[in-house]
Each structure stands twice: as C-alpha cells, then as structure tokens.
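After this come two complexes, each holding chain A, first together with chain B and then together with chain C.
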Partner chain A sequence: MEKILSVYWFAILLIVAGGIVAMVLIFYGKPYDVRELEANALMNQVADCISTDGEMAYPLSELETNFLENCHINFKTENAKNQFYLALNFYDFNNIGAEVAKGFYEGNPNLKGDLIASSLFANEKSFYVLNKDGEQPKEIVVKMLVIIDKNGENA
Partner chain B sequence: MKGKRGQVLPENVIFIVLNLLFLAILILFIYSKSGGEAILEEKYAKQIALIIDSSKEGMEIQLNMEDAFEKADKNNFDRKDVVIIDSQKNLVTVRLREGKGYSYGFFNDVNLDKPYPIDINNDKKDDSYRFKISGYKT
Partner chain C sequence: MEKMHRIILKNRKGQIGETMTWVVATLVVIAVLGVSIVFTKTANPFSKEIYSYDKEKDFLASLSVTNFLSENTNVNYLENLDKNSELKIESLLLTMPAGTRYKGEWSLDLENSGDSETINLNLKYLLFPEFFNIKIEKSNLKLNFWAKCPTTCK
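Entry: the complex of A and B
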C-alpha cells in the first residue's frame, strides 16, 4: 500500500497528466492556419489570369480595369470584406527595379500598414511574362504581394 | 529458497491497474480532443473552401469524408446536410450535429451545383462528397 498512497507518485502523475492536458489543449485549441495555402491559391489564380502560355492575357494598360471581375476573384462578400490585400507591380526583366507600368492594388490597403504590428499573413511571389502589346515584345516580371487578415479564423 | 513458489502481491496488482487506468484516461482524453466534431467541422470547412479556391470552371471534386460521416451518424445528423455551400455569400458550412457548424469563405467567384454525398467504394454507404463547379459568376 505504500506505493499506491505515495504522495510523490501522485504528484508525478498529476504533473504528467497536467502537462499532457495542457499540450493537447494548446495544440487543438488553436484553429488550423490555412492562410498560406489561401494566399498561394490566390496568387496562382492571379498568375493564371494575367498570363496565358507565358504571354500577357490582357494589355498592360487595361489590366487594372475590372481586374477582380476578369480574374473571377471576389473580395466583396461579407466574410472577405477588408480581409484581403493584393498588390501587383510590373518590372522590366532586364532591369529589375525599373517599373514598366504603374502598379495597382485591390482589397483593403490598411492591411499593408498593419503588417508589422499584427499577426497578418503576407506572402510575395513573382513570375515572368512576355508582353507583346507594343511594337517590340517586352519581358516583364510581375510581383504579387498578398496579405490576408482572417485572424479570428486562423490564429 | 529453491523450489519456493512466487507470490503476486495484491498491492502490486492494484498499483499496475491504477497506472493503466490513468494511462487509459489520458489516451481517451487525447482521442476525444483530436477527433471531436468541432475539429472535423473546421478541418473540412477549410479544406473544401481551399479546394474551391484552387478549382476552375467545370471541375468535379470528390472528397472522402468517412470520419465526418461516422460522427454525423452518431449524432443522428443527415449526411445530406453535412456540407452546405452558399454561392451568394461564397461560404462553406460544415455541420456534423445540430447547431451552426463551422463556416469558412472562399474568394474564387464561382457557382457550384448543390453538393451531395456519394458512394465511391461501392459498399452501399456514402463515403465522399461531390462538388461541381458549374461556372464563373462574372
């Protein structure tokens, strides 16, 4: 009976149980963070929309007009409102840093300002595309920045 | 001492039984937490929303949801009501019991046919859900 009633043994059991319960609650209490996958899906959709077989699908000057509608992206629904920020910039492939056209953004621009202070998710990617719009084909690098809030559901 | 039969002390038996009981309770706790309805609802709502975000017009998706269906059956919840997609609000809702369930939004502006459970294994029991992207809204 000494072993069963040993205070030390029960203390060890309680510490082990408490540790495991705390770990499980911390692990399963947090929501799955899927913002990285969501950002990748969004960037793939944008890239597919802008580029067809490696060439610009729309003239660069007209890209901004109805961009979200043309790319079948909806940031206006109740749950998506103010949750996304998407910025596009266009650089010369042979002279990175030199913009070939004015960049533009969609979604909530305030997220860019909040990026450092809060736990928003941000991801940046770029891809190469050939613009045959002008007299001479031009090689362009399109840089995409996506910021997703959705903190309550993911963090 | 040779030839003397060994004895199992009752306190040793009780000690081992108590330890096993403790271990069993811990395992049950972890199992209940990892496979709970709330976790599955969230997992599938997000998974379906991401699938829709990555899909294109005309695609048909079949997603295995056996574990979710088992939970729904336990709660006497109709499998046909497990996944609800609101194409107007771009929202996926998964429910495995009476209540609000878990909802997650998708940005891909598509229309979907009404999703429904299907039997892929041919065991006369629905094991998956079928989604069809009927077209783009714009």
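Entry: the complex of A and C
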C-alpha cells in the first residue's frame, strides 16, 4: 500500500509542477509589448526637438533637411529592415484641414501600406506650436504619425 | 460462504473509503490547476502591452498648453474669456487627445482673479472616467487641466 502511495505522490507532484510550469510559460512566454512607450518617447523627442520656447525651432521649409541628425534620432535596430516610420504634417490651427507646409516622413514607408493587414503598432498625436516663419500662419498644429513594426520582439 | 463474503466486504470498506479520498483529492488538484491555467490565459490578454497611463507626465499635452500660453494674444483670450476664446481653447483641446488605445479628452479649468471657468469638449462617452490633473500658473491665471478617458487612459 505504501509503495502505491509513493507512486501516487510522485504523480501528484508531477501534475502540480507541470501545472505551475504551464502557468509560468503562459504568463512569461510572450514578450512585453512596449511599442506604445517607444512611440511616445519618439514623439516626445521630435516635439522637444522642433519646438523651443513655444516656437518652431527650425523654419518649416528647412525642417526636413537632416531631420534625424538634428533631432538626434537613430532608427537603426538589430534588424536589417527598418522598423520605424515617422510622418510629420503641419496644419493651420485656425483652419485645421489646411496644410501650411508639405509634410515629410522618415523611416520605412512600406510600414504604412502594411498597417491594416498586420499587427504593427501605430499612434498619432499632435501638438500646438507657434511659427514665426514669415508668410505662413502663426499658429500651427504638428501631427506626428509613428508606426513601429518590431513584431518579433514585442508580440 | 455468504458470511465470509460479508466479512471481506466489511474489511475493504476502509480501503475503498481511503481510495475514494485520494481520487477526489487528485481531481481537486487537477481542477484547481486547470482553473489557474485557464485564468492565467484568459484574464491576462492585454497585460503584455505596456502603456503609459500617467497623463500627468503627458509631455505633448503640457507642451501644447505652454506653447499656447507663450503667445500673449492667447493669454489675453484667457483673461477676457468669451465665446470666441472658449472656441479657441476647445480647438486646442481637440488637438491633444489623451490616451492611445482609448482616446480621451482634456478639460481645462481656468481661474482668473478668483473667477473660475471650466472648458471641455463635452464628449458624452465617459462612463467611468479617469482623471489626471495638471496645474499651470501664469500671471493672474491659474490653469488646471485634466484628462477624462473612457474607462482608462491607456
């Protein structure tokens, strides 16, 4: 009888251990998805770079030139494929549909095309800034769209 | 013979009882583990997505409002609050949605020399709103703006 009980106890131990291992695997098996934080950090960096003391730090017409270098942004990752897409558009605050300057993008434009079909992360935010650049409207809204791939690392 | 059979059965009652106890205990252990595994799998679908809930540290919202206040005509708008200036502030609030997954809205409470006025977008979808307050003071103006989000500001 005691022999049977010993075997039974080992069986119970295995079941309990297996259950705990299964729960841990379910809980920690997938990586944490931090792309929202990455997108926020990127947008904060861009906003901080292009807005100084309430005004645009660069003329709108010159913003695109060496944008990533000027804003100390580096899209390089361990992947060969670029994992980031950042688009900037500029609208008149008093007429929100009207673009005041030509928008531009940095990073991988293919991500925008893949957005609907895949589980890429996208976030769009905007902020108010004053533009002292001559003819263009004084109050503008800068819209930033960030798309991050990094599916393998986060999902 | 009949008597012998009864004696054997009587002697085995203890064994059967004990076995039943272990069988039930095993089933209970399996059930508890099964429920735990199912709970771990189902109750945790979004927890792998890390969001910044804390809108008090919403850099873009603070930047928008401080940029707005760096223009003197806007400060005048706030000091002489009328319908037009309210519309302008509402336009500003529209440019800065709160939250990423569930878009919320910012509201702004303006205090000027003792008078107080709250400006918001009145989007009626807030069942269990979350609030985050940010305070800014400029000359006689005190601005207190906060985010309201549908259930959560993530």
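We take it that the second predicted complex is superposed on the first by the 122 of 155 C-alpha atoms of A that agree within 3 Å, B and C clash if a C-alpha of one lies under 4 Å from a C-alpha of the other, contacts with A are read in each partner's own complex, and residues count from 1 in each chain.
Keep in mind that, in the parts below, a residue touches a chain if its C-beta (ideal position, glycine included) is under 8 Å from a C-beta of that chain, and two chains touch if they have at least 3 such contacts.
Here the structure is a predicted model, which means the values were calculated and not measured.
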- Given the touch rule stated above, what does A:P31 touch, chain B (first), chain C (second), both, or neither? both
- Task: Quick one: classify A:A17 as touching chain B (first), chain C (second), both or neither.
- Result: first
- Task: Once the structures are superposed on A, label A:L130 by its partner contacts, choosing first (chain B), second (chain C), both or neither.
- Result: second
- Message: Quick one: is A:D114 in contact with chain B, with chain C, with both, or with neither? Answer first, second, both or neither.
- Response: neither
- Task: Would you sort A:N44 into first (chain B), second (chain C), both or neither based on which partner it touches?
- Result: both
- Check whether A:E69 is in contact with chain B, with chain C, with both or with neither, and answer first, second, both or neither. first
- Message: Please report the chain A residues shared by its interface with chain B and its interface with chain C.
- Response: 31-32, 34, 37, 44
- Message: Residue numbers of chain A touching chain B in their complex, please.
- Response: 1-4, 13, 17, 20-21, 24-25, 28, 31-32, 34, 37-38, 41-42, 44-45, 69-70, 72-75, 77-80, 84, 153
- Item | Contact set on chain B toward chain A in their complex | 11-12, 14-15, 18, 22, 26, 29-30, 33-34, 36, 39, 42-43, 46, 49-50, 53-54, 89-91, 103-105, 107-110, 136-138
- Across the complex, what residues on chain C touch chain A? 22, 26, 29-30, 33-34, 36-37, 40-41, 44, 48-52, 59-60, 63-71, 91-92, 94-97, 100-101, 154
- Query: Tell me, which parts of chain A touch chain C in their complex?
  - Reply: 8, 12, 15-16, 19, 22-23, 26-27, 30-34, 36-37, 39-40, 43-44, 47-48, 51, 53-55, 93-94, 96, 123, 125-130, 138-139, 141
